[in-house]
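Common to both upcoming complexes is chain A, partnered first by chain B, then by chain C.
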Partner chain A sequence: MPALLEVKNLATHFTTRDGIVKAVDGVSFTLEQGKILAVVGESGSGKSVTALSIMRLVAEPQGRIVSGEVLFKGDDVLKMNDSQVRELRGDRIAMIFQDPMTSLNPVFRVGRQIGESLVLHKGMSRKEAFERAAELLDMVGIPHPRERARDYPHQFSGGMRQRAMIAMALACDPDILIADEPTTALDVTIQAQILELMMEMQERTGAAIIIITHDLGVVADMADDVMVMYAGKQVEYGTSDQVFYRPLHPYTWGLLASLPRHDVDEKGALRPIAGQPPSLINVPSGCAFHPRCPHARGLCSADAPELIDANSGHLAACHISPDERLLLQPPGRGGGVR
Partner chain B sequence: MTELLRVENLCKYFPVEQGVLTSRIGRKVHAVDDVSFSINAGETLGLVGESGCGKSTTGRCVMRLLEPTSGTITFDGRDVGSMKRTALKAFRRDVQIIFQDPYASLNPRMTIGEIVWEPLLVHGIGDREERRNRVKELLEVVGLNPEHINRYPHEFSGGQRQRIGIARALALQPKLIVCDEPVSALDVSIQAQVVNLLDELQDTFGLTYLFIAHDLSVIRHISDRVAVMYLGKIVEMGDWRGLYDEPHHPYTQSLLSAVPVPDPVKQRTRERIILQGDVPSPIDPPSGCRFHTRCPIAQFPKCAEEEPPLAEVAPDHRAACHFAKPFPINLQGGSADAG
Partner chain C sequence: MTTDHRDPRRPRANGPTDVAGHEVRAEGTTLPTLPGDTHAHVQAETATGSRTLWGDAWRRLRKNKLAIVGLVWIVAVLIMTISADLWVPPLFGDPLAVNTTPGASLQAPSLTHPFGTDKLGRDVLSRVVYGARVSLTVGVLAVSISLAIGLLLGALSGYYGRFVDSLVMRSADVFFAFPYILFAIALIAVLGPSYRNVFIAIGILGWPSIARVFRSSILSVKENEYVDAARAMGASDFRIMFRHIMPNAIAPIIVYGTMSIGGAIITEAALSFLGMGVQPPTPSWGLMLSDAKSLMFRAPWLTIWPGFAILTTVLAFVLMGDGMRDALDVKMKD
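The block that comes next holds the complex of A and B.
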């Protein structure tokens, strides 16, 4: 049986006045049924564009998926015609966006927006869909769901809007839920509610989740697998435990070392990554991270490292050899010995 | 240690305007309600809370960018509220602010040299040549290339722009800097650079910070003392260690337990308190303790009727809760670590 979702060598480029932006440049991964994959990286690393490309939502003609395959249950989404893609979107693959303030339509009642996909994909009548929308709102923990379904988005708070977005995404019982920074705009206590809700829903429906975030705490909270991106490329991929406790790539080391932690006893000095993120128009030669990497050597600026399996499915794209890595690994990060 | 800033019973209410012609008097947003704290010279006080809790308004009142509704602010022994033009101008030299958004807080039509230069010009410091040298020196101090003095803000990345904002704040050699969410718009690797820079500058120039942020980990890292705000009030305040190790107020406890830690095993095993519902509106804040509508340990009718005072619960540690009790936050995770 083919995997639920298999992305192979995906590349999405944007044409701008200043040149071609290689937002996503050769990304491959597999998502199995019921798993949670976190995509981590800083702004401009290509995590959102990866998600949009899977959904075929990249704005054309500036943006173009230039190569790759996105196999959903074996069928290539990139080769589908528009109506096939529309059948997939919202029905089999649903998306939750970062900003619940702007991703709901202000002129339609919340219930109608949630029910829209049911009318489109499940052939329900408006009325049935509205009823179902109220049930969904109840499921995501909105009090008085029948009345609230008649409200407009501005009558909802930020946390409630994000709940409504989740209800909308789950309406058709999708196989994959893509959540792009679902809690970034929310306060921590509300974030905790939403993450809890997403995991609860995932257990109930068995959907696979791709969560895109820059918050490593959220990753540790939810993810089974983690993909770390830098300048449009994957630099590391592994299970959550592998990436947090035995990280392989110097960029991942840098990310972990720059975080202030409130869960460790002493205030350790933060060790930031030097320099600035690269421009995606003039990506550094070889390994894109080499100008900021404390362990870079001649080879790194000449040759782009391949993503190779270092240890039972734990992949990294780095020239540092495994033996050398043992010596370099920054101390005191999660012990590294669990 | 000498006290640099004292804020007593600070209140700031904003009138709620309804309709075009009728500005109804009476309804007010209680943005900051009876807040008192002090900061010693050379110290960092972290002010933390969720959006709308009044932390930024407090910062702006301290600088008199907003006129407080009531309360007194004493800076270096002088009453800020009664300052008139000359005294206020001198005060503004001593107190500077760094804003959250490095994109919106720099004038796009000015070169970075002009931006850092402007405070020197306004306060008539040095002659042309001296100012120019001072600007170059400041750019170097914050880690920018002084040769970029003639470039415009759009030529810089977010982290570099925040450095420009910091150079501008440093230009007049202030005593107190109000840092209003200075790193929350930045990526983690850049955030760490700016936090380290602020730390270094504090050591070099003996600065005092009022550091406002919603990120509890950043606040813990940078602060000597921390105040937690909820709906316009300080609910808990104290030495960073006591407050993070043994929070006494249920709001602080739930905040700390809600922040996910970047460690999967700890995260899976730690205890969490998930608050129900949203923050109530500050227009009609709840009676009694403002947190009682979401509080997991509220007892009625006491909590809904009586407002708890900010009372001492341990040395240099105060909490405003009728049932304050230490709650050791188990952040190390439940798993017994072998080794």
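The block that comes next holds the complex of A and C.
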């Protein structure tokens, strides 16, 4: 039986006046039923474009998926025609957007928006869909769901809107839920609630989740697998434990080191990764991370490292040898996260 | 409109609606309102359980005195023209009845003829009232034609962009390149001057502005995340266009359309004045002005009343449109 979602060598490029931006450049991963995959990286590392590419939502004609396969239950999404993709969207693969303040349509009642995908995909009448929408609102923890379903989005707070968005995404009981930075626009207290809700919903519906974030702390507890992206490429991929406790790539070390830590902190300043993310038009030669990497050597600027399996499915793209890595004492060691 | 006018209407965060509702009422009543409006306002607020955007807009519109004056005037003119057959002929005479008896023509305003009579002895009040029929019909029909063409082309242009956009917008530029009245006269010259052709010509000339306004509105609405969300939900282009983008992009069109009715009325009057519009003996304000221009000093009532009618009616539509702009503006704020 084919995996729920298998992405192979996906590449999405954008044509701009200044040249071609390789936003996603050869990304591969597999998502199994009911698993949570976290995609981590800085702004502009290609996380969101990866997600959009899976649903074929990249804005054309500037953006183009130039190669690769996105196999959903064995069928290549990239080869489907428009109506087949539309049947997939919202029904089998649903998406939660970053900013709940702008992702609900201001002229429709919340209940009607949640019900829209049910009308579209399940052939429900508007009334049935509205009833179901109220149940969904109840499920995501909105009090007085029947009354609130009749409200307009501007009558909801940010946290409630994100709950409504989750209800909307779950309406058709999708196989995959893609959440693009679902908590970035929210207060820290609300963030925790929303993540908890997503976990709860995941257990309840059995949907697989792809959560995109730039905050490692957010995903540490919830993700099964973690994919770290840098400049459109995967630099590390592994289970949550592997990536957090035995990180292989210096970029991941940098991400982990730059997390605020409550437990072992000696009131020191945060330790950011030096430098800026590279321009995706003029990507540095060799390993894209080498200009910022404290352990870079001659080979790194000359030759791009392959993504290789270092240890039972734990992949990394780095020239540092395993023996050397032990000597460098990377900062992972766990415990410090969250 | 001042900001404090709108603040109470801003989207409210948490909390039950009735609490929010109370706030609105408390603040709302302290704001300047029309005499006698306060009570109705409070009632409306209590009656509506869930507030709608259009309901909010209406409440804001009601606070704008000038817009209400415009609305009242438009409604009054409408009622007057619709019921004209019932009361105008018996009281003031048929607008088309020529009276050749000596002394019947060019009578100054009196009790029997409150607005006086014209050189053919026809009652001016009667002609002004029936002239409103022509003006309003032309105004509404012309703008409907402009809307039908302009909305469709503007929507295509804004949504699909690229080639379609260039084609539509360059055609619009061609229309803009000609002086408006001259173009209208040329069109009428081709179609032949008649009541029907007047609104067809005005309607055809009006689409480029509507298309432009709608296009730009769609371009800005299209960038909203809820459009992406709709696409991610599996909605088709058609559905996204008509259900998600259009309702959010329509506000400027309502404003512009309302004002355009005023503009169409003026154009009709201008064309009729030049003899290229409604043909005699049909009463039209522009035509009446044209007939009266040589008698302006001997019988000033012949120009004053139709002129006043044009001025007030057009002004009413513009005030209405302006008020609607303020009333619908809140969406642009959040």
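Simple rule for what comes next: the second predicted complex is superposed on the first by the 326 of 338 C-alpha atoms of A that agree within 3 Å, B and C clash if a C-alpha of one lies under 4 Å from a C-alpha of the other, contacts with A are read in each partner's own complex, and residues count from 1 in each chain.
By definition in this document, a residue touches a chain if its C-beta (ideal position, glycine included) is under 8 Å from a C-beta of that chain, and two chains touch if they have at least 3 such contacts.
Just so it is clear, the structure is predicted and the values come from calculations on it, not from any experiment.
Set against each other, chain B and chain C differ in how many residues of chain A they touch, and the higher count belongs to B. In the superposition on chain A, A:86 makes contact with chain C only, while chain B stays out of contact range. Contacts of A:187 after superposition on the shared chain: chain B is touched, whereas chain C is not. With both structures placed on the common chain, the touch criterion links A:220 to chain B but leaves chain C unconnected. In the superposition on chain A, A:157 makes contact with both chain B and chain C. Looking at the shared chain after the overlay, A:259 reaches chain B, while chain C stays out of its contact range.
After overlaying the two complexes on the shared chain, residue contacts for A:301 are found with neither chain B nor chain C. Chain A uses residues 157, 160 to touch chain B in one structure and chain C in the other. Listed in rising order, the residues of chain A touching chain B in the complex are 42-43, 157, 159-160, 187-193, 195-196, 214-221, 223, 240-241, 244-245, 254-263, 267, 269-274, 276-277, 334-335, 337-338. Those residues of chain B lying in contact with chain A across their complex are 50-51, 157, 159-160, 187-193, 195-196, 214-218, 220-222, 244, 254-256, 258-267, 272, 274-276, 278-279, 331-332, 337, 339.
Chain A makes touch with chain C in their complex at residues 55, 57, 61, 86-91, 94-95, 97-99, 102-107, 109, 116-117, 120-121, 144, 147, 150-155, 157-158, 160, 165, 168. Those residues of chain C lying in contact with chain A across their complex are 11-14, 16-17, 20, 49-53, 162, 224-226, 228-236, 239, 244, 247-248, 331, 334.
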